[in-house]
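Chain nomenclature is as follows: A, B, C, D, E, F, G and H, assigned in order of appearance, with residue numbering initiated at 1 for each chain independently.
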Amino acid sequence: QRCGFGEVIYGEGKSAALITEIARRLLPQQREVLVTRCESQVAEQVANDFACHRYDDVARTLRLSESPLDAPSLEASSETSSANGSRVAVVCAGSTDLPVAREAAETLAWMGIRVDRIDDIGVAGPQRLLAVVDRLRLARAIVVVAGMEGALPSAVAGHVAVPVVAVPTSVGYGASLGGWTALLGMLTSCASNVSVVNIDAGFKGGYVAGLIASQGDPAC
Amino acid sequence: QRCGFGEVIYGEGKSAALITEIARRLLPQQREVLVTRCESQVAEQVANDFACHRYDDVARTLRLSESPLDAPSLEASSETSSANGSRVAVVCAGSTDLPVAREAAETLAWMGIRVDRIDDIGVAGPQRLLAVVDRLRLARAIVVVAGMEGALPSAVAGHVAVPVVAVPTSVGYGASLGGWTALLGMLTSCASNVSVVNIDAGFKGGYVAGLIASQGDPAC
Amino acid sequence: QRCGFGEVIYGEGKSAALITEIARRLLPQQREVLVTRCESQVAEQVANDFACHRYDDVARTLRLSESPLDAPSLEASSETSSANGSRVAVVCAGSTDLPVAREAAETLAWMGIRVDRIDDIGVAGPQRLLAVVDRLRLARAIVVVAGMEGALPSAVAGHVAVPVVAVPTSVGYGASLGGWTALLGMLTSCASNVSVVNIDAGFKGGYVAGLIASQGDPAC
Amino acid sequence: QRCGFGEVIYGEGKSAALITEIARRLLPQQREVLVTRCESQVAEQVANDFACHRYDDVARTLRLSESPLDAPSLEASSETSSANGSRVAVVCAGSTDLPVAREAAETLAWMGIRVDRIDDIGVAGPQRLLAVVDRLRLARAIVVVAGMEGALPSAVAGHVAVPVVAVPTSVGYGASLGGWTALLGMLTSCASNVSVVNIDAGFKGGYVAGLIASQGDPAC
Amino acid sequence: QRCGFGEVIYGEGKSAALITEIARRLLPQQREVLVTRCESQVAEQVANDFACHRYDDVARTLRLSESPLDAPSLEASSETSSANGSRVAVVCAGSTDLPVAREAAETLAWMGIRVDRIDDIGVAGPQRLLAVVDRLRLARAIVVVAGMEGALPSAVAGHVAVPVVAVPTSVGYGASLGGWTALLGMLTSCASNVSVVNIDAGFKGGYVAGLIASQGDPAC
Amino acid sequence: QRCGFGEVIYGEGKSAALITEIARRLLPQQREVLVTRCESQVAEQVANDFACHRYDDVARTLRLSESPLDAPSLEASSETSSANGSRVAVVCAGSTDLPVAREAAETLAWMGIRVDRIDDIGVAGPQRLLAVVDRLRLARAIVVVAGMEGALPSAVAGHVAVPVVAVPTSVGYGASLGGWTALLGMLTSCASNVSVVNIDAGFKGGYVAGLIASQGDPAC
Amino acid sequence: QRCGFGEVIYGEGKSAALITEIARRLLPQQREVLVTRCESQVAEQVANDFACHRYDDVARTLRLSESPLDAPSLEASSETSSANGSRVAVVCAGSTDLPVAREAAETLAWMGIRVDRIDDIGVAGPQRLLAVVDRLRLARAIVVVAGMEGALPSAVAGHVAVPVVAVPTSVGYGASLGGWTALLGMLTSCASNVSVVNIDAGFKGGYVAGLIASQGDPAC
Amino acid sequence: QRCGFGEVIYGEGKSAALITEIARRLLPQQREVLVTRCESQVAEQVANDFACHRYDDVARTLRLSESPLDAPSLEASSETSSANGSRVAVVCAGSTDLPVAREAAETLAWMGIRVDRIDDIGVAGPQRLLAVVDRLRLARAIVVVAGMEGALPSAVAGHVAVPVVAVPTSVGYGASLGGWTALLGMLTSCASNVSVVNIDAGFKGGYVAGLIASQGDPAC
């Protein structure tokens, strides 16, 4: 397995005991274990059992290791980032898309990949996207997270030459159909460089983008 | 009926004889009759019976009158238009959306309303929309016609302060769902100034926009 | 931005602190801020921070300002209104549609537009609509709010010559499909002057109607 | 079987030979056989074999008998009918709904029940329905045929005290969904006296209404 | 209004105060008021205000009057009923369909129509239906309530010559789709004498059946 | 592979040349090759190349072999069959379901399994099923083919103790949804012994039933 | 009823009293009664009334008898089972599918049929399935339980010659559609030996597989 | 635009004249133009106008240039390929998926990327995939094309560490839903390295995979 990234535990509906047991079994083979969709109470119980841990309560992700965890390179605010040399950009349309975008970013941090995070650049305010185009062009792959009509991936993709991984979110009401409208819009994007993952699948969006960025890594 | 616009004949599935009969009945009460969804062979038969007529074979619309029809003000090409003072802009995303956009434009011409036509400014080529923003700001209402992911109405609406009437088209394949993806996207637009009509409903899009523009008409 | 109306905060899922922060940022640029989908407990906390405020617990809207808010011109009861000269009529089919109709009316009040409110004129009791046709003809745009089969916009539109903005509601059970049956019916309305917004989107219905009415305003 | 009405042949996809064979088998037990969804070429072949026959090329129905067929009491035009004492009214919203309405009327004629036929009274022209309310009140059951938003059954039902059988038609495009929008609207009708049959099911609509009218028949 | 049956209050989401107010307004014009979908706590509060009342906690219906309510003729158990001369039969497939069947029966009782109630005769136990065919043949109309695959109306309809009103219920899981599978099956019934109302619409099923039975009433 | 049955060629969209080539490749390993969904013109071309062949133009199946094909044991008419000892019964609801039932029967004949064929016993004529219950009880598995509301599998299953394989057909219109209503009904059957295959999948229905019957074969 | 298996009580929404009453009525005719979808509190109350009982809190099944219950032959762990001679294998894709797989296994135990249980062999880890192929080949029928994309039944079916009964589960999010994606995938399986039951229908999957295995039982 | 790949013409519904005109406009800026969804008659007319051209009648793609086109490196047969060093593998499940797989391969050839083509390795024959795992591990990205239940991408993804781009096809009938079942299955794949494009979108699948493979190209 060239540049493989180990296994991930899907936390939904698993007890703290079960997560601990699976993580214990995995740790000898991989430096760090990622748990996704992990509620804070469960995370607290699990964390006690491991030397090093990091829980993100927005993303609901838990990272576990026996050696110190790297400080994450991701910067949540769009104003301050000097993301020169970043490998993957993770952008989102509105503030309600944040948890999914953070799950993508934490997944990339777990993979050891540099991340540039940009929030709240939905298409209704077109100048916001225009202001960050140069930063987006530094990335080897871009994760775009959006709910409602899901138009942001098309808009981003028109400005760059790298693969865009679109992640629809279940944000919205009525005709949003719990994320289906965004999913459908992303699948029919008129931009050629867009592929799509499941609704709210921040983990998968981050993972695929991380794999793409790794293809350019001479060490792999 | 203040500034009313007369009746329109929905041509789909009607014989030439039936259309002629209805048009004859309507003409005493209104200067000009519009027939929509009218096939060219049917139009040819109907036209013979009226002093003045205009058939648009892209829009599949037929206009009938006993007095000369105004030369339409609409200009199909985006390059040459000096649309200062235009009342309604009709824009579309791709060349396959053209028949629906033309149906909207012919409807507006029949209403006696000035039109500015702009084609092929889909979101995948973002600079194309930016280049026409000034023209769009001259309109009192904008009809936006788009298929696929239907993102153009949101993108246009972010640049203007007038009502945008979104018309989804059945262009596309697979996840386009015969226009439903565009329709859903337009209904969930994050822009506040967007309302929506039925799939491929160029007539209705044009009619509603024409009514809106007429609200600002001191003669009404 | 000619006759623009400022930004609106979508309150769903936002904390009181976040709403307060955004409203504080917006107030220097606009006289009054509107918050939609705002729960009463959140509204109470936010309101304390502003000199002037008005919370409508049916509409779940909150208006915030540093200068006194105009007394709203809307009158909820259909009996007493002398709505001569009103600009936008907001009607609804049944008493369960009330919250959505009120959200539309509060949005129009925030825009500074005169409103005529008429309730409970669903198609099953045909004489109720006939009794208010004259009042409806005074409006420059009409918002029609209805659930179940969503037939009211067609019925209203047949009596007037101005744009009707139809707002489907999620009222009903079984084949109502959470508002989809009403939405579909409104999109396929056989009346030409009907356009549609998202399910339960009282804000958008009011906003679009307000924009339409403003087109006739010589000050814009 | 009290006041039973014999068997009916569903003609779709059946050969002339097969229809003839089934009709021959049924005729000894019932005075007259009805074939629905029967194409004209098939009908022509079948008719030759029977002493008496009547084919309606709008309804695509064929009636077969060995004894003379009653002249049908139905009158297709709304202007001339003096339908005093009629038992079932069959109304439709637009001219494209005609074939389904005629199938219902022919079914009722085959059942020996008096019919009053009224066309083109869709909700967008509200005065058309008001003009025929008195005629509608003479019926013991009413079949209402409508496509698009399917609002006519609710509108009719509000004016009468007898059962309304609603028949949705597949007329329309886009959000009409091949008759589903009309079907859904009819199922969620806010009028209590409406029940529904399948899309384009003119036969069933007529048959159920005929059965209802027969309940009041002292001979049954 | 020949043999009309007064108005009914749809209780869902209405406060006790509002229901009381509407009922007070209606009582002068009708002997008895029916409230459907009324929770027991609400019913208790409302009942106190009226001289005579009857609440059915399975059907969730409340009947209100100022004069004594007739003892209902309906008998819930299939074993003991001697329903000779009954006017409407109300049958259901399984015990989970009971609340909907009871709502239909209470509606008929409120209309003053004799009812025969038969439970638990679903198609998987075919001898159960065969055992009650004679009783079913005594009715002028039959309400059939069923969830899951909704096959019972077809099976019942094959044994009788009167109209069957089918009421699908939301009972079941997975492919039951909350009642849609039953609804679709009923709409496509191969029996000619079946019409359909909304999912869980016991009120409407009972009301339509009651109207049908009344057509045979010489007093109307 | 104990009692395996060889490969089958799905003929849809394959040329005669391609089918011939694949069949030639398979014949050395299996006594007989089955081609399903094979149009008659294609079948004619293919058949010429093989010593023995049998084409069923209702089922659109083609059987190919180099040694004589067993005369099929199946009897299409329900009157004459003396199906004592039959292994699988194949029943269908109406005459339009015939092609699918025949595809199932031909598949079983190809597997060398005795078949009892019974047609036209749909639930609307309940006595027709009752008349054949004894024959059905002789089978080790039953294939039930039905369109419209798809109620027949439940009705059959209530009379027997063996597995019923339900095959929905795309017969019907409107709410039949091209076979989906039948499929949904079969999946939610209240009988425990029913499993389901794809719409119009006569081959699969026959194949699974044949496998089940083979479980009781001491030779396997 | 040759080798029949008695009646089963569907516990959902039934009170302890009702379950006890039905079970009491059934026990004289069958050795053991199975209750499915039974919550633990209800089970506790019911169990007290019977001499012998077994409640499985993962499957939510309750078995009741007056004579001692056989110790179940099923073994939940895939490591230790020496399932020589087993009759039905019950496999599942992931740990979240466990409750449904257990319901199938308990149903088979109630039928007196030997079971081999194998967990967590989803297609994403292909070597896990390969490792158990020999065990699977010992079964007369296989129940395959899977959520998400539901690919496991096809993968299993490619390795065996017996009927596979596929049970989709509602595990997953977004495009999993509450089990519909798995259900659709199983219905369109390219393997010939797969039939399908309802979402989460562990009982039905087990019951049909048990019936199939019984066909090979010389005692039946 | 680093390593950009020029524009592509979507041929569906475009005339030969229009395609020629667009291609002429594009050629000065890019070495070669790709036209997708181009019918053979149209292609023939267009090709005459260009010095060099290649039309693939399975993929329905047309490549146009003024300088000689590279001989494509792709090899359609799985037997003969010595695909050492290939960059992208394009695999498909069945022979009906071929046109889509070929569109992907032609797109990659147009991008100048080496391709390894492998056909007919659907999950029902598990040994076929196992036989090519080593070849698949040589690729930097894999396009997997599949219809029906769409399980192949998950199965492939379990064997490799690079991104898999899944392309659903509209092959199949009934529950295949024109490709939706495959699309849904791919979106819910339990493998982490799978992203998805639209139904039948061979072009997009190839384009995204080509972009991914280019990320590892030191020249970009």
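By definition in this document, a residue touches a chain if its C-beta (ideal position, glycine included) is under 8 Å from a C-beta of that chain, and two chains touch if they have at least 3 such contacts.
Quantities reported herein were computed from a predicted structural model and do not represent experimental measurements.
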item	value
Listed pair (F-H, G-H or F-G) duplicating the D-E contact set, over half by residue number	F-G
Selected interface, B-H versus G-H, where C-beta contact pairs are more numerous	G-H
Distance between chain centroids, defined by C-alpha means - chain C, chain D (Å)	42
Whole-Å separation of chain centres (CA-atom averages), chain B against chain D	38
Between chain G and chain C, distance of the C-alpha-averaged centres to the nearest whole Å	53
Averaged-CA centre spacing for the pair chain H and chain E, given as whole angstrom	59
Chain E residues counted as touching two or more neighbouring chains	174-176, 183, 187-188, 198
Partner chain C, residues of chain E touching it in the complex	12-14, 18, 168, 170, 179, 183, 198-201
Chain E residues touching chain G - in the complex, by the definition given at the top	95-96, 173-176
Chain B residues touching chain C - in the complex, by the definition given at the top	1-4, 8, 140-141, 161-163, 165, 183, 187-188, 192-198, 203-204, 207-208, 211-213, 215-217
Parts of chain A lying in touch with chain B, wherever the complex brings them together	93-94, 122-126, 148-151, 154-155, 157-159, 172, 174-177, 180-181, 184-191
